[in-house]
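Going in written order, the chains are labelled A, B, C, D, E and F, and every chain counts its residues from 1.
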Amino acid sequence: MANVYLIDKKFGNNSLRIAGQDKDAEIVLIQDGIYLDVKKIENSGNKVYAVKDDVEKRGYTEILSKNIELIDYGKLVDLILANKVVNFA
Amino acid sequence: MAKLGILLTLGPYQFENWETAYNIANAALDKGHEVQMFLYLDGVYNPIKYHTFPDWPEMPKDKFAELVKKGAKIIACGVCVNARGLEKGKDYIDGITVGGLPDFAQIVSEVDSVVKL
Amino acid sequence: MGEKNVLITMNQAPYGSIYYTEGLRAAVGVTSGIDEHKVNVVYLGDGAYFAIEGVDRKDTKTYIGTLKKAENKLMVEKESLEERNIEESKIAEDIEIISRTEVLKLVQAADVTIGF
Amino acid sequence: MAKLGILLTLGPYQFENWETAYNIANAALDKGHEVQMFLYLDGVYNPIKYHTFPDWPEMPKDKFAELVKKGAKIIACGVCVNARGLEKGKDYIDGITVGGLPDFAQIVSEVDSVVKL
Amino acid sequence: MGEKNVLITMNQAPYGSIYYTEGLRAAVGVTSGIDEHKVNVVYLGDGAYFAIEGVDRKDTKTYIGTLKKAENKLMVEKESLEERNIEESKIAEDIEIISRTEVLKLVQAADVTIGF
Amino acid sequence: MANVYLIDKKFGNNSLRIAGQDKDAEIVLIQDGIYLDVKKIENSGNKVYAVKDDVEKRGYTEILSKNIELIDYGKLVDLILANKVVNFA
């Protein structure tokens, strides 16, 4: 079971610094959280997701790091229910 | 089938949280999961039944009505409702209950995961 | 599912928004059901400003009193204080200063973490 | 005597802007200045007359009523009012007008300074 | 007092809050009175994300159309783009890129500056 | 006539960078804006004020730079009406 961090931009700094130390972290960027710089987290090997709808309406599909997996709400629900949720939104 | 709890603290329109809350709840219901939502602070503005905005086909309250219809249990914080002048939710869409934080504590007890928005 | 271990993080500065007090009300509320969940509160980022000694607690003192009586802890992240140049001597006595590593341990030990 | 315009975009309780708006408006009125306020977006939640919160001696709506009594002209954005389900301000305290952005344009014309919150 | 020169700054990222569109509605509104105020719109900080070419303009296109017809300009601060690593080639054609110094000139020339 | 910048924390970075270039700037820190680091502005010689009530309830009176002048709402109104207002709240 992973620790799924749901992260919006407002709480981005606080949450990414903790998640970056957590080997069991999986990150889901939601809302303006998709603008966050998560290079350090990617390098730590932790999985990073972003909500597809949130990325697309912001015109960010081509700009977002290719290492970030875009997911729909169905997949987000699967992640939320199969893991422990750490809310930073 | 699992149980999902959602704590929503912001109102319609102004911030995106209500949309994300709806989208997550809706996807969970479509997958056959149970959804229990607690409306806290400005979250209590979401189910006012008179929302009207000329350019939009659907109002926020319609989205919440859809969740109720699909079986979501939605409870609003009574202290927040009355503080905001919504008089026990007199103008709420059908199916929204007005309760208190012990209801949220109960949601935390019952669900598999909690999402806060 | 029964009793759970809940971690509340407070991420926003006092007074600009109401979360500094309503987050504590929620923390108290979480302990108020039939199942008495365990609740810890930790101040992170701009939330750390609440830990300063002289902050007006008019709206929060009842909640803090209730939390302390039930042996729920209030903590603030050391790194958040440092980043804001807040000296540890300026921190209220009843708020424990812990490291980011300890915050991570609290997150890992919690069943759910809720950020306000 | 001068004229002050205030544009308020956030509601009661949740964010501090309504308090700052009140404090600035009140100080201006006390100094004999004219105050015109436009309630935009969530700002339209402020004058709902049924605000009740057990621990507080005065509700946000009481502060706005005080401004009205002292002569402040307060106009709420009608599109925002109806979008939020407040039905033309049916539950507003006395003295609040429901209007539109042209009223804000007029405030910008008339006043010496505009404060946005 | 008559016609005024109004500068609207847009400081918040699109979609997280409604200001990205309601700030523009206000900008249009300011031009809608008896006095036709002049309005410029400049994107600063996280507001600069709105200037990206592919941003969905479903909610904003009418306001942008009205502003452009009346020869009111939309601008984005170059430094805000740089700080966010947004390449200038990614910016929508109808939004002009200007320097911080030029933003200051707009502030100085305006009768009032309103930040959304 | 000065340009009076009303600054809350949310818009702090955007506004201080502009105000820092403006020789006619006077800064008023309101709400969470009192937490902003304005050393650069002080060094530029521009006047910085903060709203007394906002500072006091945050327990920040002793922590705030002594170069920042605390003002009440009456003085704030005077500043607002005698000058041009640049709103960053």
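Definition applied: contacts are C-beta pairs under 8 Å (C-beta built on N, C-alpha and C of every residue); 3 or more make two chains touch, one makes a residue touch a chain.
Small disclaimer: the values here were computed from a predicted structure and weren't measured.
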Which of D-E and C-D has more C-beta pairs touching across its chains: D-E
Of all other chains, the one whose Cα centre sits farthest from chain C: E
Fraction-based call for chain D against chain B, same above half, different below: same
Whole-Å separation of chain centres (CA-atom averages), chain C against chain F: 29
Computed distance of Cα centres, chain D from chain A, in Å: 39
Chain E-chain F separation of Cα centroids, rounded to whole Å: 24
Chain F: positions in contact with at least two other chains: 10, 31-32, 54, 84-85, 87, 89
Residue list for chain B, restricted to those that touch at least two other chains: 13-14, 16, 41, 112-114, 116
Multi-partner residues of chain C (each touching 2 or more other chains): 15-16, 18, 112, 114-115
Every chain pair meeting the contact rule: A-B, A-C, A-E, B-C, B-D, B-E, C-D, C-F, D-E, D-F, E-F
In the complex, chain C residues that touch chain F: 13-16, 46, 49, 52-56, 84, 86, 90
Residue numbers on chain F that touch chain D, as the complex places them: 6, 30-32, 51, 53-54, 72-74, 76-78, 80-81, 83-85, 87, 89
Residues of chain B that touch chain D when the two form their complex: 10-14, 41-42, 45, 48-54, 59, 61, 79, 82-87, 91
Contacting residues of chain A [partner chain E, same complex]: 8-10, 31-32, 35, 54, 56-63
Complex contacts: residues of chain A adjacent to chain C: 3, 10-11, 13-15, 17-18, 21-22, 24, 84-89
